[in-house]
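Chains: A, B and C, in written order; residue numbering restarts at 1 for each.
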Amino acid sequence: MAIITLTSDWGNSDYYVAAVKGTILSQIPNATIVDISHEITPFNVRQAGFVLKNCFRDFPQGTIHIIGIDSIESTEKPHVVVKADGHYFIAADNGIFGQILTDFDEAVTIDVPQDTDSFNFATRDRFVKVAAMIANGAPLSEIGAPHKKLNGGLFCAVVRDNSIEGIVIHIDSYENLITNITQEMFERERCGRKFKILVKGNLYTIDKISDSYLDVDKADLVAIFGSHGNLELALNSAKLASLCGIELDSTIRVVFGEEDTPPTKNTLF
Amino acid sequence: MAIITLTSDWGNSDYYVAAVKGTILSQIPNATIVDISHEITPFNVRQAGFVLKNCFRDFPQGTIHIIGIDSIESTEKPHVVVKADGHYFIAADNGIFGQILTDFDEAVTIDVPQDTDSFNFATRDRFVKVAAMIANGAPLSEIGAPHKKLNGGLFCAVVRDNSIEGIVIHIDSYENLITNITQEMFERERCGRKFKILVKGNLYTIDKISDSYLDVDKADLVAIFGSHGNLELALNSAKLASLCGIELDSTIRVVFGEEDTPPTKNTLF
Amino acid sequence: MAIITLTSDWGNSDYYVAAVKGTILSQIPNATIVDISHEITPFNVRQAGFVLKNCFRDFPQGTIHIIGIDSIESTEKPHVVVKADGHYFIAADNGIFGQILTDFDEAVTIDVPQDTDSFNFATRDRFVKVAAMIANGAPLSEIGAPHKKLNGGLFCAVVRDNSIEGIVIHIDSYENLITNITQEMFERERCGRKFKILVKGNLYTIDKISDSYLDVDKADLVAIFGSHGNLELALNSAKLASLCGIELDSTIRVVFGEEDTPPTKNTLF
């Protein structure tokens, strides 16, 4: 039984998602189809990558992940199949893999013709066809020639002398902020030093990492490394993004150093 | 074949829903997963309860309902499994059961360890594991010790001498208002008397219960007992909530008594 | 294995979708359920028809499409089952078929009683029951008497002497505009002549049909015939609808004729 996941920026009010699902059920009758999300911000490959990175390993080995975002083929962004960690990904090589994977086992440039004339809906007209080949056991070598290097690595936080400069890559439904600063990067740069996390320039600061949102008082700022492994900022039981006017791509900085000022205040009000 | 439903306030733009579904498919390969809704207002346990109450009985006996809202475990809100009406519910005992059930057959406090360190995502890391045990036929006694009394009963409308004071607990996609005033409560207090339903203080009133939205003229106020059994207020073919500025938790009153004024006007314009 | 699709204007924050899915799984245990969309604009039968028209053929033959929009039964809008192109449709005959189909093989007026008293939720209480009959192989003649003529044909663009007057019937998640002007209608009226497409009165014009959104510069206006076969207007990598203040039902005109002015400008800024 093939499991196929779908990630896109199509929204849920269009026929696009259903067209792809119908095509999957026509070509892979016993497929189990799971939506990752179709509410990725249009063309936001970084956000799509973040979302997929944080759930694909929860699926069984052999799952096929179709990514329908920024998927028009071009010389710089060929259609590819990537095998990594026992999972298959079908997408345009538009930088998304730099966000999802640190390594991969095998990748090919797709050399399978579409059956339609329209080139605006490759997810339905090409990716599903490729998914059916994989589901039926075709080796990747049958799908195309090896693709040596994946685009990506563009979306990392920047490490400076005594600081890390990241950005908000995702705002969740509670309006918590998820940054591109990973726990691994944070600990490596920190080297046991004190630190301050600065939000909105230095309007709000916090100098402590908590284990849970509940470790601070209601409406206080809390920093945790979520189950995604990235630095996440939130207000206990309140909406950080809209209360503080923070958007996707806003800068978040971590400054390291010996602290000689009194502990900073992490209360907003 | 296990049927698992999911109810949460995670929204559909995050990886949370997919992470839980992937975990379910990894642990219960033949599961049929159905979303109840992931667009519950954050932390609105009452709304989640209303939604689940009104559809869980439509599912086959033995269905397992996972509830991922306000689910961080605490002494006051332990994780529980509840069996009622042939259905299983896995949730934090945060008051939601007072909204969903009037009775239950069996309940246990979950005593199954998580396999991860993070305590911020119990739905994925603990509830799915428990669902897999139930799907595989484990008796509830294997999951934990009996849980005698469920939290809840907080969310009922208040009955006064000649009136009922309720609130809006849900606004549907047509912007109809659903209250926590049930038909049973209404008929019991009414005792055949005349009544007025008051909206927005007493700005809008209606003194008739209809069978269908179409029983009144276009844009007129209509009161029905929906298939959910609760008092529902709507405008025929128009949007009551935004036109009249009514929100979740707005007060709706029903006043009983002999009527000596002429019939009230149920036209907005 | 029965495939059942659902199209409605219920949104995804209510219990309606789940109630229907639970009922399907209770009556057709091995059903595969696929959401077309539940985010149709309330009562917008035209939009629902557009969405379904553009994906139903992607599903396998024999798929049953349940349409839960404007579905309260009346003498003018009886409940019907329509068989066309090997697919089954269950809906109120409210004009939606004029949008989805140009022809049909068989249609019956549903003469199957509901098992509930409420007439406000026919999709759950009647359509699913009919879907189960079809899934179990019942001929349409067992469901009701022949229904000779479907309502519809209301939603076509208007052809005038040297122009076509259409409207925006759908705005997708990229804020592209999809009109009710079909490629077939456009080519038939054009007869090889030059043309101008006029948006917002004649504030924006374009005189070229492209193959891809990428055929014009960033933020330029582009016209294509999408995979749906309808005239679609977009800005390359920008949001046409909100940038230009265009809504559902806005007029879009195509004017044909010998051109004696220089090529028009299709740049917004």
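As a working rule, contacts are C-beta pairs under 8 Å (C-beta built on N, C-alpha and C of every residue); 3 or more make two chains touch, one makes a residue touch a chain.
The structure displayed is predicted, hence computed values, not measured ones.
Taking chains as nodes and touches as edges, what kind of graph is this: line, ring, star, complete or other?
Per interface graph, the chains form a complete graph.
For the sequence-identical pair chain B and chain C, determine the rotation angle of the Cα superposition and round it to the nearest 5 degrees.
Going from chain B to chain C via C-alpha fit gives 120 degrees.
Need the CA-centroid distance for the pair chain A / chain C, whole Å please.
Comparing mean C-alpha positions, chain C is 32 Å from chain A.
Name the residues of chain C that each touch 2 or more other chains.
12
Using the touch rule from the top, collect the residues of chain C that touch chain B in their complex.
Against chain B, the touching part of chain C is residues 9-23, 25-26, 29, 33, 42-43, 72, 74, 116, 118-121, 124.
Which part of chain B faces chain C closely enough to touch in the complex?
Interface residues on chain B, with respect to chain C: 1, 3, 5, 12, 32, 34-40, 50-60, 63, 170, 172-174, 211-214, 224, 226-228, 237.
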